[in-house]
Each structure stands twice: as structure tokens, then as C-alpha cells.
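Next up: the structures, one after another.
After this come two complexes, each holding chain A, first together with chain B and then together with chain C.
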Partner chain A sequence: MAHQIARATRLRFFTLSILLTFMLLTLIAVSVSIGASMIPIDKVFLCLLRVECDESARLIVELRVARTLAALLTGGMLAVSGVLVQGISRNPLADPFILGVSSTALAALSAFLLLDPTLIAYRQLSILIAFAGALLGYFLTTSISLLAGGTGFSLILSGIAVSALFSGVSHVLLFLVQDKLRHPYVFLLMGSTSRVLPQDLVYLAISLVLSVAIVFAFNIPKALNAYLFGESYLAQLGYRVRIVATVSAFVASLLAGSSVAVVGIVGFIGLAAPHITRIILRTSDHRATIVLSLLTGSSLAILSDIVARLVSIASARGEIPLGVVTSVIGAPFLAYLVIKGGKK
Partner chain B sequence: MDKGNISRSALPMVLLALIVLAAGVGIGRLVAPVYVSETTTITLTAVVTRPVTEVVTRVTATPVTVIHERISVVDSLGRALAFDKPPSRVISLAPSITEILFALGLSNRVIGVTSFCNYPPEVSKLVSEGKISVIGGFWNPDLEKILAAKPDLVIGSTGTGPHLRLKDQLEQAGVNVLYIRGSSAIDKHEVYSDITTVAKIFQIEKAAEELIARVEREISAVEAQIPKTGKPKVLVLLGPPSWGLYSAGGNTFIEWVLKTAGGVNIASKFSGWPQLDYEFIISQNPDVIIVSAHGIDHKALLKEIAESPLAATNAFKNGKIYLLDQEANDILMRPGPRLSQAVRVVASILYPDIFGAVDIPAVIKSSSELSVSIVQTAVRRLEATYST
Partner chain C sequence: MKVRLEKVVFNYDAVRVLDNVSVEFEGGRVSCLIGPNGSGKTTTLKLIASLIEPVEGVVYIDGKDLRTYSASEIAKLFSYSDPHLPKTLPMRVIDFILTSRYPFHRVFQYFESREDIEVIETVARELGVEHLLDRKLEQLSSGELQRVVLAASLARKPRILLLDEPSAFLDVRYRFEIMDIVKKYTEKYSVVTVVAMHDLYLASLYCDKVILLSKGKIVALGNPQEIFSSSSIEEVYGVRVETLRVDGSLVAAIPLPPHEKVSPDSLSQQNLKDS
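Right after this comes the complex of A and B.
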């Protein structure tokens, strides 16, 4: 019986992987062919395949590819980060930013802006500062959590404390920055791929590769599977709760932090993608969900990015922040979650 | 096995519930708009915008003999305000409003300004002498400081959210609040109507007429020299590119300034202050890029632009990137009496052959080799005409 179930799950995993990859490729193709400049689609693909390409088309295609890849990587990273955070907290409503990384990134950036407003003109430097802020947030959360016993539960509570503190601090700082930089600050770090440059993708790629390596080196998926049945069960299998929680939180922060630094805060993917993955897979086996959520998260992000661009092309409003679109697409799903949760 | 059965029988129930819910929401949507569309504020403002200017101009045209009992004006929110006598303790919530008040010669009635208000230079002097208090920033006016100054009139801008949010609290405290278009003005006529509205409260319509006539004269002097063809495409960026590629859309006073100065705003199909993306900018290929860059190191900003996709535009290739800092930035960003100067600054950026090099300090022009040359010529030629 158990054997049959395992086999059915494995089969479903492979079919879904193929299907989702196919969907992702389609979305990438659509995303690359849509843009404000309305260059013909055949020209785009001739350019991509390096058949023939004039200078202006090459630049536009490069930017579209950068946008698409940024959305793809951000989506995948936030989804994996979400799976890890939900796993260690055993809380279906946890999302990557619950560890406090986004608010500390914003606080770090605004503190440096206050020292020197010119920082905003150095994109690479501001990405690094935001990233450093995110990691600082992680260390703060983890230290508080370790003082409180180092369980998944304490991790979430200390994360909430850290993010509440720093979102307040960052807004105070940004309020002060206003006198130096006379631009509305509310949109700082609001996630959008519209200003991503090709060279920024390196940061995303590095942290993704690093995270995947750490996840498999520490055998995190298996440990999280065991953790679903409680701490004692995890200990029986020879894992140390503290190490599993700390490493997972580190990887989750690394992923969320680098995406915040490059693209900005994109909500809902980290929450919704793991759930979508679990529901379509009909299992919570982290070995499968971590891999598959990469695909669902990327698809959701690219879809949102396409919608954001279409809105800006068709309407008079300009670019909508990516985080807003993901919420609009993700919110009905939350409603579904609530209904499903209520039934249990 | 039991569990499976339960979930199997529960599934149709859930589906049914969802369908009912969806139907409910659908019906709700169908019903709701009918109700909403009657009370929607959009129609209201559409109705209001025209009459405001008409009312104001019509009243100013009437002979002065009648106006003795009460002064009444309609502000840009369509509210009617009445005064027994001209207010004597006025607080301005925006630099452009301060400029209007001072240009009308009301400097002795202003008791509070924002920390952004720095023009005319008299304002900073009065602030440092303690005759005018600072009541906070443009985006974050401080209610308590406003009330502590005991004003009898506060003037705010309709285009600024924090100003509108102050309305109820100020009214409750018994302080008159007047809203003028301010940053939501879309052309010179709305700026003129702002000036007229303010002047009417102080019964100095004559001064307003003169001020408007002068601004109008200055604008038409520039307009007359603008070539009819070969207008350059212009991109205005509010802040450096990494701030988010924000620009000025088709219904802003910046669009009007660009158009009047003989430029074509590439973002004019958008409304308000839209965020653009690099692809849109490159496909539009602006000939001139004007960046509002207050307080940012110019070299660093030009370097950022050089390393961004903006380097592919004609503007960059021909060394036509202009950074506006300090006074130049203030002139372009404030819909007040210096509107004619804004037109002039942009015209000299777009047509240096006709208007000569820009003679406002802190307009920084990039050369094609990226060496920054700060244009510093004999300054304030324009300002001489402005002294009151």
C-alpha cells in the first residue's frame, strides 16, 4: 500500500515537473515577446537565436531577457524560501519575510541614504547594502531565537519582533531622508523588475546556487520531513533541531534577502507558491516540494511580471509594482486556503 | 478508508460552496456598481473642475463696489470659504504656495512655511529671524506646529495627499483651510487660477492680475521664439534611475512646461507620475534627458546613467543629459509664479542656439566624454525681472 502510494507520488512528481517546465518555457517565450517597444516577435527570436540582430533590437531583447530572468529567479527563490520557512515553523501561513529580512534591508538602505543621498546613484553598492542589511536581520532573528531555545516556533516569534522593530525604524529614517532627497520614498524597495540590469542577475544566480548546495549538503529536505512529526522524532533520526532550524533559516534569508536587494519586496509568492505546490503534488514531502516550488514560484512571478507590463502598455498608469500584482493573483488563493483550513 | 470517504463526499460540498460564493460575489458586483456610480467622486470632481475657474474669473470681473461685507471663494476641492476680513496669519504647506504669497506681496501675513520653502530669499531670512516658523516638511506637515502658530488660514495643495489628510483635523480645530491645485495643476491656467484664488481672499485681485500678466508676457516671449518643427523628444526623470525611473505624465504641469518650451514629453501617454521601464525609454529614444537630481553627487549620477541602458539613447550619445539641482530643480518642480522661468530653463536646454546657454546655477550638462562641466555664467538675469 505504502509502496504504491510512493510510486504514485513519484510518477506525479515527474509528470508535474515536465508539465510545469513546459509551462514555464511558454511563459518565458511570452514574456520575452511582450514589451513597450512593440518590436515584431520574429525579430525578437531571430535576435535571441543570434541569427541576425541590429543594435537597437539587441539592447531591447537583452533588457527583456534580464527582466524575465529576474522574475524567474526571484519567484523561484522566494518559493523555495517559503517552503523552508513554512517547514521549520510548521506554520502554513509563514512567508520568507517573516524572518525580518525585508525590513532590515530597507532600514540599512535608508540609514546609508541618510548618510549620503548619492548612494542611490550607485546601484551595485545599494544592492550590497540591502543584502548586508537582510543578513543582519537574519543574524538578529537567529540570535534571539537561539536564546529562546532555537525551535521553529521561537524563530518565527523573534522574526516577527525583528521585522516589526525594523519596519518602524526604516520608516522613521526614510521620513528624515525626505529632506535630502525630495522624492516620495514609499516606493523604495517596492518590488519591480523594471529597473533590473543584466549584470544584477549574477547576485541572484550566486545565492540560488549557494542555497541549493547548502540545502542538499545538510540534507535539509529529509530533516524537514521528520520535523513535521515533531522535535523528538527529528532527534531520533539523528538530526539536531537547532542546526536544522538555523541552517534552513539561513538559506531562506539568503534567498529572500538577495531577491529583496535586487528586485525589491515581492509579496505573496513565498506564501502561495509552496501551497500551490503541495496541493498539486498531494504531498508535503520536502524532497519533492522544494524542487517543484522552484517551478511554480517562477511561473507565478513571470506571469505577474507579464501582467504588470501589459497594464503599463495598455493603460496610462505606468508600471505597477510586481508585489501588488502577485498579491492580486495570490489573494484569491489565500481565500481558498482559509476556506480549506476552516473545513479541517 | 473512512477519511477518504469523508473527503470524497466533502469535495462536492466545497465545490458547491465555492460556486455559490462566486455567484454571490458576481451578483454583488453586478448590483454594486449601479449604486456606486451615482455617488462616485470621479464624476463629482469632473463636474467641479470647470466651474471653479469660471466662478473665480467671473467674480473678479465684477465691480469692486459690492465686495465689502464678506469675502468668499471656492477652492479647488469645490468647497466655499467665507472670510469677514482678509486673514493675517497664514501658513503655507508648499514651496509653490509660499512663492505665490510672496509674489503677491503678502510676506507680512505669512507666519508659517515648510522646511522646503526657500524662495524668495526673503523667506529664509524671515525664518532665521524667527518671524516665520517652520511647520514641518512638504510631505509631512506637523499638525501641532500648525495649531501652535495660531493661523487663521492654512493653504495646501490638492495634489499632495498629506495636505488633504489634514483637512478634517484643521477644520475641527476651527482653522480655515484653503486648497489650491498646487502640484495637481496641469497647465498655466490652473496656476493662474491658484494665484487668483489666493489674491481674492486678500482682496488684492489687482496685484494678481499684474503678476499673471507679467508671467504670461514672459511665457509668450519664449513661446514666440520656439521653432515650429523639429521638436526634440524629452524624458524627464524624477530622481536618479535607480530610484525607479519615475517620470511626469500627460496631465502634469511638467508636461505643459515641456510642451510650451518646444519639447515632446515621451511619457505623455501616461497620467500622473508613472514608473517607466528601460525598454519603453529606449524604444522612444529621447533626444534630451532632464533629471531632477536634488542633493545627489553629479558625477556619480552621470556615471550611473552611463552604465545603464540609458546610454543607448540619442540624449546620452549627443551629451544632452541635464541634471537639475538646487534652484534649477526648484524652478521646474514648483507650479507657482516662476512658471515662466521653468519654461525658459527648459527652452534653453532644448534650444541653446536660440536662448543661449542655461543661465541658472546648478543645471549640469553632460558632455559626450562624461566630463562634467558645470554651467556657470552670469546668474539671475531672469530673477532681476522678478524682484517685487
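Right after this comes the complex of A and C.
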């Protein structure tokens, strides 16, 4: 019996990996084919495959690819961050956006932009600042929650408080500095992939690869599996609870911070991707959810980005931020989770 | 294998929970901690599992100070089963039992080994939870969950088995079954088994040694016959305890209400007065 179940679980994991990868590739293909400039799809792919490519087509395709990859990386990063914070808080409603981590990251970045507006061009530095802001935000939210009794709901409520406060602070700071920024500051507040340059992708990729490497080096997925059954249970198995919690919070903040620094605040992907993954996988085994969430998160982000672009093309009023689309899709999902959780 | 507590003191928020407790637990025997709520049963289990450290005194495992053992040695030695499992994120029974195999994995091992699955298979069959392996934990009844928790404990092949109320939510048949399994396992692998128990009747049937705790102190200690026929148990609990001799040497303890016999008349009169 146990053997059959273990085999079925492995099979499920591999099948889902293949299906999700296939879906992601399809979405990538759709994403690079859609844009405001109407160049024929066959031309796009000829250009991508380096068969033949004129200068104007090359530029357009390059931007579309950059944008698609930005959505892919951001989605994956937010999803992994979501899996980690849901694990360490043992709270199915947690996500870097809801816990206020994204907002404090942006507030930190905005404060430094006010001091020196050229900072936005230095990606490494802005990522570091946003990362520090995210860490502080995580610390702040968990501290308030502990003061309020450390329950699941106190964590979410203090997250909402921190998130509202620092979104406001970021808004004010960015409002003050807006004349000196190259792009409308709304794109940082609501997140957008439309202004991402190919060279920015490297930094996103580095922080994602680094984070995943840390997660596996500390064998965090297994530790989180045990952590779900309580701190003393994890300690009993010979793990050091402090290290597991600190490393997870650190990586979750790095991922949320760097995505905020490059793309801006994109909410709800960190919430939805882990849940969708759990539902199709039928378990929270982190060894599998971390890997599959990367794929679901990327797919969700690219899908939302496609929707954002379609709306912009249809309205012909310029770009609509990605964060707006994810909120419209994600908030009902949150409501669904609240109703489902409340019934238990 | 032998566990010895020597003059152990533990405070919880400046309240003394264990006061100068010295006791020895031997391998191959089921030792039971009994006593009213708050007498220090769970605290004693957690001290042995080194989940908390004594303020004073020492816990010895085979004559060696518990503090000299490394975290991974302790993980392979003990299993302490907490009856309260958080179930906020959905996990299946097999996923839960698999976590208890982690102490046996190599440092960077990510996937379970064939041996892990085999151990789970055997333990699940012994405890009759085979059909539950693919279910989610939150779908289990409290009795099923209790058996799953014990299965996870045994899947660790512990040398020292610490159980907190293993029979609390079980119906009478599973109470006997689960204690039979615990007893068999204890004798077969000469494990040191310490069980915190509320059910005096079950304790009298299955324990080889009974430790009666009250307000953090050991009041009485001995085999079930001695303890359950002594007056100390009645004093500590404030109830009457009758003992019955069954099957020759076996003694069954039956707790009875402290007051005189309740007659239907006195009850109805009481009700009339209240209304």
C-alpha cells in the first residue's frame, strides 16, 4: 500500500511537472506573439530562431522577450516566496504582499530614491535596499502579530496594517520624487513588466538562482514539512528551529525584495500559486510544492501580463500595470480561501 | 537502555512544575505517569525528550548526561508524540509519517529511501492505518489521528518511546489494541517506554510500573498492584478506587465517584430546589 502510494505520488509529481512546463512554454509563445506593434507571428518566430530578422523586428522581439522573461522570473520568485512564508507561518493566507513585506521593500527603495533618484539605475544596490526593507517588514509584521497573541489571524491583520501603512508611505515618497523618475511611479506601486530592460533580467535571475540554491543547501523543503507539525516536532527530529525559520524568512525577503526593486509590487501571485499547486498535487509536501510553484507562479504572471497587454491594446490608452490584473484575479481567490478556512 | 532523572527541578514562568524528582525507567517495561491535571506528567516527558531543560538536576541516558548527546543522536533515540498536531496546511498521512524518517536520512538526501517506505508499510499494517495513508490528516477522526501519531512515533524505531495520552480519543477496543501494540513493541525491542495516562483502569492493566505524581512531586511509585490498592491514589485524585483481581495476578483499578451513592430521589429533589 505504502509503496503504491509513494509510486503514485512520484508519478503525479512528474506528470504535473511536464504538464505545467508545457503550459508555461505555450504561454511564453503566446506572450511573445502579442504586442502593440502588429508584426506577424511568423516573423516573430523567425526572428527568435535567428532565421531572418530586420532591425525593427529585432528590437520589438527583444523587448517582448525581456518582458515575458521578467514576468516569468517575477512569478516564480513570488511563488517560492509565498511557499516559504506560508510554511514558516503555518498560515495558508500568508504571502509576501499580504504580510506587508513587498510594501516595506518599496518604501525602503523610495526613501533612498528621494535621497538620490539615480539609484534606480543601479540594480544591485536597489535590490539590496529593497531586500533590507523586506526583511525589516517581515520582522515588523511578525513582531506585531506576536504582541497580538501570535495567532493565524493576528499575523494576517498585522500584515494588512503594515502593508497599508507602507504602501501609503511609498506612494507619498514616490509622489515627491516622480519628476526625477523615467517612468510613471504607478508602475512601481502596482508592478509592471513593460519597462524592464534585458540587462535587468540578469539580476532577477541571479537572485532567484541564489535563493533556490540556499533553499536546497539547507534542505528547507524537508524542514518545512516537519515544521508544519509544530516547532517542538521539528526540534525533535534534530533540526534547529531558529536556523530553519531565519533562512526561510531571509530567502522569502530576498525574493520579494528583488522582484519589487525591478518590477514593483505585484500582489497575490505569492498567495495563489502555492495554493493552486497544493490543490493539483493533493498535498503540501514542500519538496514538490517548491518546484511546482515555480512553474505555476511563472504561468500565472505571464498570463496576467498577457491580460494586461490585451487591455492596453484594446483601450489604446497606454499600459495598465501588471499588479492591477493580479489583484483583480487574486482578491476573489483570497475571499474563496477565507470562506473555505472559516468553515473548518 | 535506562533513563534516570536525578533531583530534577523545572519551573514554568516562575511556577514550580517539577520539584526534586528522582526516578528510573528501565528498558522492556511500560512505565506510566499518572496524576491529576497539572501534576507534571507532560513536563516529565518533555524533559526526557530534551525538548526542555531542567533548572536543576540531571537526566541520564544509560549513565550519560543527556546534555552531552547531539541533536541528531537524540532524534534517533527518542520519539515523543504530542497528541496536538497543527493541521493548517493540508498534508497526507503518509507525508506526516515520512517526516519521522528524516533523522535517518543522509545530510543532503532529498527523497525518501525504499527502506523508509518499507518501515511505513510495516508500521501502518501493525497499527491498522494502512487504508488511511493516502487521506489528508484533517479528514481523520480523532481516534484515527491518534493511531497515526503512534505510527509516526514507531516509524522512528525509537529506543525510548514517550507517549502523551496515546489512548485519549479512542474507543474501548482501540484503547486495548494500542496499548497491546505499545507493550509488545516495548518488550520485543526492550525499549524504555514512558506513558502519561489519565485512564487509571487502562494503566492498571498495561503498566509494569506506575509513578503517581501530584503537584510536581512523586507521591508513590511501584507496580500497579501496590499503587492502586494504596490510599495515596485516593488522596491525590480525591476519588475512591476499587481494585478487582482478574486473571490471577492482574489487577484492574476502577475509579468511583468520591461522594455517596447518587440516588435518583436526591437528584430530582435537587432539581426541584434549583428551579
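For this structure, a couple of remarks:
Here is the rule we use: the second predicted complex is superposed on the first by the 258 of 344 C-alpha atoms of A that agree within 3 Å, B and C clash if a C-alpha of one lies under 4 Å from a C-alpha of the other, contacts with A are read in each partner's own complex, and residues count from 1 in each chain.
In the analysis below, a residue touches a chain if its C-beta (ideal position, glycine included) is under 8 Å from a C-beta of that chain, and two chains touch if they have at least 3 such contacts.
Model, not experiment: these values are computed from the prediction.
Once chain A of one complex is fitted onto chain A of the other, the partner contacts of A:Thr15 are absent, as it touches neither chain B nor chain C.
In the superposition on chain A, A:Thr26 makes contact with neither chain B nor chain C. Using the contact criterion defined above for the overlaid structures, shared-chain residue A:Ser143 touches neither chain B nor chain C, since it reaches no partner. Once chain A of one complex is fitted onto chain A of the other, the partner contacts of A:Gln236 are limited to chain C, with no touch recorded for chain B.
In the superposition on chain A, contact of A:Ala6 is made with chain C only, not with chain B. Of the two partner chains, chain C is the only one touched by A:Arg278; chain B is not. Contact residues on chain A toward chain B in their complex (touch as defined above): 35-39, 55-56, 59-60, 63-64, 67, 117-118, 120-123, 126, 175, 178-184, 187-188, 192, 194-195, 197, 309, 312, 316-319, 321, 339-340, 343.
Within the complex formed with chain C, the residues of chain A that make contact are 1-3, 5-6, 9, 86-87, 90-92, 152, 216, 219, 221-222, 225-226, 228-230, 232-233, 235-240, 278, 282-285, 287, 344. Within the complex formed with chain A, the residues of chain B that make contact are 10, 14, 17-18, 115-116, 137-140, 238-247, 249-250, 267, 269-280, 282-283, 294-297, 300-301, 303-304, 308-309, 312, 333. Those residues of chain C that touch chain A in the complex are listed here as 46, 49, 51, 71-72, 74-76, 78-80, 82, 84-86, 88-92, 94-96, 98-100, 102-103, 105, 107-108, 110-112, 117-118, 120-121, 124, 130-131, 133-134, 136, 138.
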